[in-house]
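Next up: the structures, one after another.
Two complexes follow with chain A in common, the first pairing it with chain B and the second with chain C.
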Partner chain A sequence: MNIQDKYLKNKKNIFFSENKDIQTHREKLINIFENDGFDKKNNESLKNINLKNFIDFEYRYLISEETSVVNNNQENSYSIVSVNGQCLNFKDDKIEITKILDEDYNDFSKNNTIENNDHFVNLNSLFLNSGFKIVIKKNNNIKIKISNIITDDDLTIFQKNNYICEEGSSLNLIEEYENKNNSTLNILNVIKLEKNSQLNHLLIQDNSLNHSLIITSHSSCKKDSTYTQKVYNFSEGYVRNFHYSELIEANSEADLQGIFFLKDNNTSNNKTFVKHLAEDCKSNQVYKGILNDSSKATYFSNTHVDQVAQKTEGYQLSKGILLSDNASYFSKPELKIYADDVKCSHGSTIGPIDENAIFYLRSRGMSKIAATKILISSFINEELNSIDNEQMSEIIQKKLIRYLSKVK
Partner chain B sequence: MFLEIKDLSVKIENKNILKSLNLNINKGEVHAIMGPNGSGKSTLANVLAGKEDYEILNGRINFKDNDLFDLNIEERAQEGMFLAFQYPVEIPGVNITPFLHSAVNSKRKRMNEEEIDNLSFAKLLKSKASDLGINIDMLKRSVNTGFSGGEKKRYEILQMSILNPDLAILDETDSGLDIDALKIVTDGVNKLKTKENSFLIITHYQKLLDYIKPDYVHVMVNGSIVKSGGSEIAAEIEKDGFQKFQ
Partner chain C sequence: MNSETLNTLDSYSKNKYKYGFVTEIDDEKPKKGLNEETIKFISLKKNEPEWMLEWRLKAYSKWKKMKEPKWANLSFPEIDYQDIYYYSAPKGFEKKPKDLSEVDPKLIETYNKLGIPLEEQKVLAGVAVDVVFDSVSVATTYKGELEKLGIIFCSIGEAIQKHPDLIKKYLGSVIPPGDHSFSALNSAVFTDGSFVYIPEGVKCPMELSTYFRINAENTGQFERTLIIADKGSYVSYLEGCTAPKRDDNQLHAANVELIALEGAEIKYSTVQNWYPGDEDGKGGIYNFVTKRGLCAGKNSKISWTQVETGSAITWKYPSCILKGDNSIGEFYSVAITNNFQQADTGTKMTHIGKNTKSKIISKGISLGKSQNTYRGEVSFLRKADKARNYTQCDSLLVGNQCGAHTVPYIDSKNNTAVIEHEASTSKINEDQLYYCRQRGLSHEEAVSLIVNGFCKQVLQELPMEFAVEAQKLVSISLEGSVG
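Right, the complex of A and B next:
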């Protein structure tokens, strides 16, 4: 069944099917799929992906009886359990959580200028069946932890979440993706940071073999705001991390970092893209990967500096350790600079573990396996030390130890 | 015999480096090997430490009644062999103190000795560092990372004094050191010398041997030892160079 037939068959269960504007937008998307198909050669979002699983999917969605919970367990601290992409409405004087509305959909589809040729985001828009919107009210300092739970096998969750940090607010957001079932979660986080706001976003991904996670974020930063994202991918199943950021007003910052730990035949596709559209903005894009066995990864990073974005500072780095001859990691950093007063750099180093360092450590009495493990840990030491949440740091350390226990 | 190298021939990438090399070192002796660039001195040091890039064509090495080729790199270290590197490797993110602590305990474990606890190790490290004029702040850093040439060599000697090896191989430890640093490093070596341990010192210059007095000096040319004797050979080399041995 092609995409159009799948959409028509399930239209009733898809969000905002009755909204005319949205219908028109979706018709355009269907046309793109029908006309362009899934042309790997000309669409970066499709490169090195086993598309079959994602085109030939059977649409299936369930609203869970287990209602999601918002719990204010400490002052300014909230725990949310999102079940199959849904979350209960909640409101107090600091935050407001609502179901995603058609106006949020339209806002994204009309204002998304950074990348509108990402087929997985287009699939998300077409089959949208869940999602919520969280607003952090002006000048509040909030912590939120979200556990993203999928309840059943063979579900296809297309979820769109909106986060809005109002002026002067600060949000520490931790998201956990730890699902053990045979389902696919395609999630788009649309993040808006108003003037002088901050969002520290930590994503921990640890899904089992048959669970696929396609996660995309679009963040936009206004004056003096900062978006920091740290992704830790320990999943045994497929994960796509594509994260786009726009610095739309002066003195704003985007810091997109990720580490992935792959083994067996697993694949992970990663992309970060920062668009500098105002002056005096900074961006940082750093991804590191450790690949064992026959695992494969890609990482595209891109800094685009508009001609008005003078005094831009943009930094890109990609590093990878290949623990096996059969592992592969393709990295492609890109810079497009249209302003003349900028500081930008990019670098990429991928290779096996440093044999001289192994020899040095072994010559002091350390076993080869211990030396390998210590070098892997040191490779990501800076990122691990930068986690300021002690509990999360311990969780990530445990997952790292579990990964290292399989390294021979 | 403490270390016995018999008829050793080694090649790397189709190039023969060591050719029927013989060398015997007894317990408590200090041996120096001098030779021109490319004569195979560092290859010998690396082969002794177990570096796997080399192909052993012929010969045998016995160390403390073990066939050295039966031991892997870490087992040689745990048996008491130590190589002070000519170019110590920078390892960012690996902190010096826990690394050295783990190295000490791996050796103690092999010797069936009780492992040393954190506090005792910290005290030991502090005292040895102080003897070598190493700033305590340096011990909080990553292995060799951002160290100057002199700091790297001093840190090698610190590791040596902590691990207290039976056979220490110093591969051109004097290279890149100014006279003050050379004095500190050689003082450190001299303090470690006992009747129970041995040293193999590899160098180009006599200067190092003014501070560490060798019992034997060997001249190595083109992969073989061509002359052995006392410290008078070092003086001869200083005066006339290696030309006459080639």
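Right, the complex of A and C next:
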């Protein structure tokens, strides 16, 4: 069954299929699928992808009987359980949670930072069946923890979430993706930071083997705002992390970091893209990967500096360690610069663990495995130490130990 | 940036192309356009054997099915392949002159204007010059001396006649005609170029050099260069180009193939200074070049050095396939773009053998309204144990209307291979400028000094004969831009 038939068949339980504007947009998307075909060449979204699984998916969605929960456990601290991409409406004087609306969809579809050949984002827009919107009200300092639960096997969840941080607000957002079923979660986060706001976004991904997670985010930062994102990927199943950030007003910052730990036949695709559209902005993109067994990873990073974005500082770093003969890593750190008063750089390394360092540790009586483990931990130590939430830090440490125990 | 800097830059960017003049020589051309007739005409004119014509026609049939590669960050009007002359030879050149006195004096004059008088250069620099003027090799010098050593240095046309075995064996072995549309086009219609064969164990005692020059209007020049270095040999080859001023865009699609057998070393240096178009971006050469070297044997080495200052569009990726164990690939590049020039250049290092090493140093300088892109791929295949790569690509931006882009592709499939890549983009350091000015240098001189320093790592890789010229060229390019 092709994409169009699938869409028409399931139209009833897809969001906004009655809305005319959205309908027109979706027809365009279907056209892209039909005409563009799936040309793997020059399409970053398709590298290392098993095309068959991706086109031949079976659409299935359930509204679960388990209901979503929103708890206000402590002052300024909320915990949310989102079930199959849905969340209850909630409102108090600090935050407001609602279902995603037509205008949010339209708003996003007008943005062209994400290329229209990103087929996963297009699928998300086409089959949208869940999602919510969280607004942090002015001058509040909030912590939110979201657990993303999927209740059944073989579900295909296409979810769009909107986060809006109003002026002067600050949000600490922790998202957990820990699912043990054979479902696919395709999620798009649209994040808006108003003047002088802050968002610290931590994502922990630890899914089982047959669970696929496709996560894309798009953040836009206004004056003096800061977006920081940290992604920890321990999943055994396929994960795609594509994160886009636009610095649209002066003095804003974007910091996109990620670490992935791969083993067996797992694949992970990663991308970060920062678009500097205003003066005096800073960005940082750092990804580190550890690849064992026959795992594969790709990392695309891109800094785009517009002509008006003078005094930009944009840095990229990508590092990969290959632990086995069969692992492979592809990286493409790109700079596109149209302004002259900038400081931009990138660095990229791929290689084995430093043999001299191993030798040093072994000559002090350590076994080879112990030495390897110590060096892997130190490779990512900087990132681990930068997590300011102790509880989360511990959880990540535990997952790291679990990963290291499989390293031989 | 202060107003003085802007003024200086402004005055630079108005400088005219120094080498813009036209030599009037009657041309003998086939009809415009590309079809089997054109190819048969070329083959007939060059008196080629049957198998060569077949080879060309095969490439042509491949080309017909292909589209131009689209990855480059370039924008230009579509090329009308039917509006180009594919062969142009100055009249009376079917029979080659034996020495310089037989050469058309106007040709000699052209080279004199360019500052490369043949006789003088021969004597002074000890360079054997094989001049290509509109597709036909004009004068080949120092041939006798090379022949003594068994070195073959001639035009590719001559090699097809005299050394068919070598041509059959190696032509298209590194760049298959069907590789992409420009290589197929070149394979179908190539007219001239150089052929070099260095026999086993011979170290070529002089720098081999060819000056290419596009002359007749609307004539695409399609050279084919093939260099084979047999076991344990060494050769250094120089290529330099200038072109007269024209308004019509001229297409250039050359193919250069290098083959280094066991223990051989090839050093290939290019200075490219073709007509870049005027200040409004009108005219200029479209330069689509495929250069690829194969380190076929153990311990072989191929080194590319290029200084790219001309052409409206540069599309060029000199690459190395490191097949033999312990082989080495190097790429040094300076690319300067000004006005409306666009350059998308870089390299491709494919590590296949064990202990293979590669090094990439690329310096891009963008001025005016130009776009300068570095695009490079480094890949380690499964068996490339202990392979090593180091890449450094720096960009310098002068003015706020130009763009500098870096697009590296890094692919590792071997866990003992190590790859390091770093890149930076910035403008000319104000502190350095201030320091130079304080010590009495004019603004122009200061900028020139800094830029030359920025490029030094690459320029010092050029052979002596070229290094001086290249340094001047950088300064001249900056004159039309900086210093």
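Following the convention adopted for this analysis, the second predicted complex is superposed on the first by the 403 of 408 C-alpha atoms of A that agree within 3 Å, B and C clash if a C-alpha of one lies under 4 Å from a C-alpha of the other, contacts with A are read in each partner's own complex, and residues count from 1 in each chain.
The rule is simple: a contact is a pair of C-beta atoms (placed from the backbone, for glycine too) under 8 Å apart; a residue touches a chain by one contact, two chains touch by 3 or more.
Please read all numbers here as calculations on a predicted model, not as lab measurements.
Trainee: So in the superposed three-chain picture, is A:S377 touching just chain B, just chain C, both, or none of them (first/second/both/neither)?
Mentor: The first partner, chain B, only.
Trainee: Can A:G365 be said to touch chain B (first), chain C (second), both, or neither?
Mentor: In the superposed model, A:G365 contacts chain B only, not chain C.
Trainee: Tell me which of chain B and chain C touches more residues of chain A.
Mentor: C
Trainee: Return first, second, both or neither, reflecting whether A:D341 touches chain B, chain C, both chains, or no partner chain.
Mentor: The second partner, chain C, only.
Trainee: Check whether A:N356 is in contact with chain B, with chain C, with both or with neither, and answer first, second, both or neither.
Mentor: After superposing on A, A:N356 lies in contact with chain B but is clear of chain C.
Trainee: What is the shared patch of chain A, the residues that chain B and chain C both contact?
Mentor: In chain A, nothing is touched by chain B and also by chain C.
Trainee: Along chain A, where are the residues that touch chain B in the complex?
Mentor: These residues of chain A touch chain B: 354, 356-357, 359-368, 370, 374-375, 377-382.
Trainee: Inside the complex, what are the residues of chain C that reach chain A?
Mentor: Per the touch definition, chain C meets chain A at residues 1, 70-71, 382, 395, 397-427.
Trainee: Along chain B, where are the residues that touch chain A in the complex?
Mentor: 49-52, 72-74, 76-78, 82-83, 85, 88-89, 91-94, 99-100, 102-104, 106-107, 110, 142-143, 159, 163
Trainee: Under the definition above, what is the set of chain A residues touching chain C in their complex?
Mentor: Interface residues on chain A, with respect to chain C: 42, 307, 310, 320, 322-325, 327-352.
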